[in-house]
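The structure is given below, and queries will be raised subsequently.
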Amino acid sequence: MRLTIGVDIGGTKVAAGVVDPDGRILGDVVRYPTPRNDSEALADVIGRVVVELRERSTDHDIAAVGVGIAGFVDEDRARIVLAANLGLSDDPITERIRRRVDLPVVVENDANAAAWAEARFGAGRGSDHVVLVTLGTGVGGGIVMDGRLQRGRYGVAAEVGHYRVVRHGRRCGCGNNGCWEQYASGRALVAEAQDLATTDPVRAAHLLKLADGDISRIRGPEITQAALEGDEGALECFRAVGEWVGLGMADLAAILDPECFVVGGGVSDAGDILLAPARASFDKHVTGRATRRLADIRTAELGSQAGIVGAADLART
Amino acid sequence: MRLTIGVDIGGTKVAAGVVDPDGRILGDVVRYPTPRNDSEALADVIGRVVVELRERSTDHDIAAVGVGIAGFVDEDRARIVLAANLGLSDDPITERIRRRVDLPVVVENDANAAAWAEARFGAGRGSDHVVLVTLGTGVGGGIVMDGRLQRGRYGVAAEVGHYRVVRHGRRCGCGNNGCWEQYASGRALVAEAQDLATTDPVRAAHLLKLADGDISRIRGPEITQAALEGDEGALECFRAVGEWVGLGMADLAAILDPECFVVGGGVSDAGDILLAPARASFDKHVTGRATRRLADIRTAELGSQAGIVGAADLART
Amino acid sequence: MRLTIGVDIGGTKVAAGVVDPDGRILGDVVRYPTPRNDSEALADVIGRVVVELRERSTDHDIAAVGVGIAGFVDEDRARIVLAANLGLSDDPITERIRRRVDLPVVVENDANAAAWAEARFGAGRGSDHVVLVTLGTGVGGGIVMDGRLQRGRYGVAAEVGHYRVVRHGRRCGCGNNGCWEQYASGRALVAEAQDLATTDPVRAAHLLKLADGDISRIRGPEITQAALEGDEGALECFRAVGEWVGLGMADLAAILDPECFVVGGGVSDAGDILLAPARASFDKHVTGRATRRLADIRTAELGSQAGIVGAADLART
Amino acid sequence: MRLTIGVDIGGTKVAAGVVDPDGRILGDVVRYPTPRNDSEALADVIGRVVVELRERSTDHDIAAVGVGIAGFVDEDRARIVLAANLGLSDDPITERIRRRVDLPVVVENDANAAAWAEARFGAGRGSDHVVLVTLGTGVGGGIVMDGRLQRGRYGVAAEVGHYRVVRHGRRCGCGNNGCWEQYASGRALVAEAQDLATTDPVRAAHLLKLADGDISRIRGPEITQAALEGDEGALECFRAVGEWVGLGMADLAAILDPECFVVGGGVSDAGDILLAPARASFDKHVTGRATRRLADIRTAELGSQAGIVGAADLART
């Protein structure tokens, strides 16, 4: 059995595990804090994690290391172009890691890695045409078409959170206005709740209570909790966000025609509270809906392990 | 030398030629009127064309026939799902043709075929990541990613003209509102000119004159002609459409990250009059433009032969 | 008792009646076809109508004549600036009428006249701050603020149908894009139904049946009828239009802060089927709704007589 | 000569002066800090100011006191409905002041007062149809129609900053999305500059330098300064904001048909750098521009004194 190690580098922690060819993590996931603004220290942590996991798996051969990283990775998978959360840019990360692990190394954007994992082993398994949409604070994504991960020419494809759904719309940190992630993310969910609390405090009473009466302290997990408890104000927020989620998927379907969308990220914890309005909106907005086969919309299955599993599998192939 | 025949079935005419492995058409293109609402008659014409071309190329072996068709082709390239302009739907066209030509047959959407041709032999040659955008009456497109034509799961990918650029925007024949093709097509160019003529007849004086003073008779070719002659009203129309062209490409780049966009169709006859504002708009609107490599925007090179060449080459592979 | 005559000049007919100071029409309304493209003939008809009505009311004194006209009337109420439906522009209509009737004459835009009537004697009586919104083929309006009809500096105030609700939105005959009347009118209702029929023929089955299966023949009255019968597709169309009606009123309320909106025109025949979603949308979209007093939204009471009554009353004051 | 006192209560200071019937301030303006969250203390300051100004003008009779206040004033001009910047709501301010000054007292919203001043004595003098648009941090306004200040039914007319220019647009503190003030205000100007600095640091180099390289520290006055010095990046920001200013005015003109717009507030300090693109945009976007008389767009003349002058004059009438 050919095993590989998957490493998922997020803004706060490095998580890693040994993954088998069926996408299963063998043994426990190991975790370390992510060093920031220091590429050598980051490579050191990855080196240490790999040594630790190899020692643990003495009876197995580790064939390669895959690293998923929260940032842009260049077309050759050699350099980090920009990883704002890690404080790194234009950094030859792959070579740094290679010097420490003495194994083949593949570096990939973390959302791309997660998309690959879901397409191969998760909610999209069995399909060659899968789009992962990650609804966290922002919106990320990964595209598998024709059975292959689509990285684009320069490695930055699938920035689906930054296609524009509203011309002249809400400001985005990327410097544009109207990006999908301003309407379909956790941040958008909070915005809906805050707007509701501003304009209709009665309807938002429960949400306000969960935030100790302070509009600026309304948080996503509390909105989800309130919605799961049936609070009408919270449900309204999810309906609004869900409509945008489905509308954006309709645009992606016009371009990509996938078999299924896999929805991950914290906002998707609400399950059908989010996905039911998203599906209705998708069905209503997708072009050619009277004749085309409609893509499925499914919840991600691999959760926070998707990055590890996907990176490990990309290193295998 | 292994030759194939390419057949391009448009709303009014069937055009076909013999194509060599370098994408060159050998000899003349033959043309026949397109039969409408009659799949058998259409297959007859294709059969006749193939016979004619084979007879003409006695010394060469024809290995296969590729057919590009203005309509949706299903995932197996077996059936026409819908070809509104031909009056056909849910039709087993591939089998009908096969019965007549005794050669391997590949059927593909015409814009997909054209995209393949431009990516292999035209403005996108040398690149594995090419998006063709065809600005005709409407907006069509084709996507080549990772060196392969991306058809999507159900064969209807690259309907780029029907992703939404304006929520609640202009009505589209597809039943949606705000589709890109309502802003970036020849129809959009005419709309700009008509609106200008309504609101500022002085500025639109030349355009009106070319239409004999009748707003409803303003046509695309005349706007192009006026723009090429330097008419300020016509140039303003192209600037407006060009801005939408570039804005839509910015969204496509966020999703697909191509190396180049190839722009074809009648509106692109205006050349840089259209492409200069399109490029400026693209540069201004694409996410991450401070750090990413920007895609090129190029004029298509194969013109009306792209469909023949692409279909023929798809039949070869 | 001081009586006046009110004349309402529409695109197809001239209607007139004798009106008392309480806004009641005494006796029957007389009607004639509207002459087109001929100002003298139009003045002749008005002259004839006035003679006829005066003869009929021998025992009463007629003090003045008020004329409501479907077009722009200048600041001095002397000239028609543009009345496209009548084929007239820049025409000294008031003087023409005066020469024929030997009475004081006041000419006013017909929607302004109707607004005055509703504010004085109809759904807005008792209030000094009333905005009439007429939802016909297009959207018209009239503004009464501070107890007075607001004509604006040049006589063209209250063109509420042509304020923009969607930037880059649907094209409008005025040459702009996104005008309110493209979303909140009878034409918009038909557009909703046609789009539904295109994208979801099952849901639009009843609507299609009423139009003999031809999307282009769907008409407003049939949509209203279907909605009144409870057809879900038709109700969905009214909900969509009603949302835009309320949203536009929210913008008008931010600017004008009226006590009530009076909704007239053919689309308002659907009553609460239209007004319920309009009210919900208004309540949801108006700025400051947590603290402000919300304007009422009421159905017009004077129907097709509003123009006559308003014009007559404006002639009195 | 009948004099009145005008008091302008802003978020940080109370400014007051004696005003003659021609709108001139006699002698110096007196200033005190604004007490916050304390209506009695605020009334005390106003009382003290009035005493001080009356003593100073011993030879003149003061006939009344007008107070302009940054907040919503109710329909009877008796109560503050909400003055968020002063920390007051539902407060009987007029009665509190009356008890201290022993003179007739009129309280009005400060933007309404300023509009009245500009219409009577400033850039709009001579016209009965004037709309003031104040471009400060947000966007405020006042409407004079038919020679009278239009307060609306409940005193909150002319909240022009909160009519919606972009459906689903930028979030606004009022809880809505797409309000005009998010596109046409000082805040919008800063947003443009920040977005430019994010996406095109080269073009924004001068702006960034003025903010010590920190995008979040870009401020309006520096953008104005840079624009006045000819910096292309700053000029681009003003063109963008100016376009929205003109577009909003086009909508207001469709509704109100004023003779002129008077533009005040800090953003208007840039003069024609702002107003030239605003005028071009207005001319391009106003409905019926081929036939209507277009409103003038003028810079305010009374500057920071408009509130004092307007309040004083409203107290006189």
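Order of writing sets the chain letters: A, B, C and D. Residues in each chain are counted from 1.
Operating definition for what follows: a contact is a pair of C-beta atoms (placed from the backbone, for glycine too) under 8 Å apart; a residue touches a chain by one contact, two chains touch by 3 or more.
Remember, it's a predicted structure, so these values are computed and weren't measured experimentally.
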Problem set entry | Self-contact between copies subunit C and subunit D, residue sets same or different by half | same
Exercise. Where the centre means the average of the CA atoms, what chain is farthest from subunit C?
Worked result: A
For this session: Take the average of all CA coordinates in subunit A, do the same for subunit C, and state the distance between these two points in whole angstrom.
Result: 52
Seminar exercise, completed: Chain centres from averaged Cα atoms put subunit A and subunit B apart, in whole Å, by 34
Problem set entry | Residue numbers of subunit D (touch at least two other chains) | 166-168, 174-176, 198-199, 290
Exercise. Where on subunit D does subunit C make contact in their complex?
Worked result: 72, 81-82, 89, 127-129, 143, 145-146, 148, 150-160, 162-167, 174-176, 179, 247, 250-252, 254-259, 285, 287-288, 290-293, 295
Problem set entry | Complex interface listing, subunit C residues touching subunit A | 167-168, 198-201, 284, 289-290
Problem set entry | Residue ranges of subunit A in contact with subunit D within the complex | 166-171, 173-177, 183, 191, 194-199
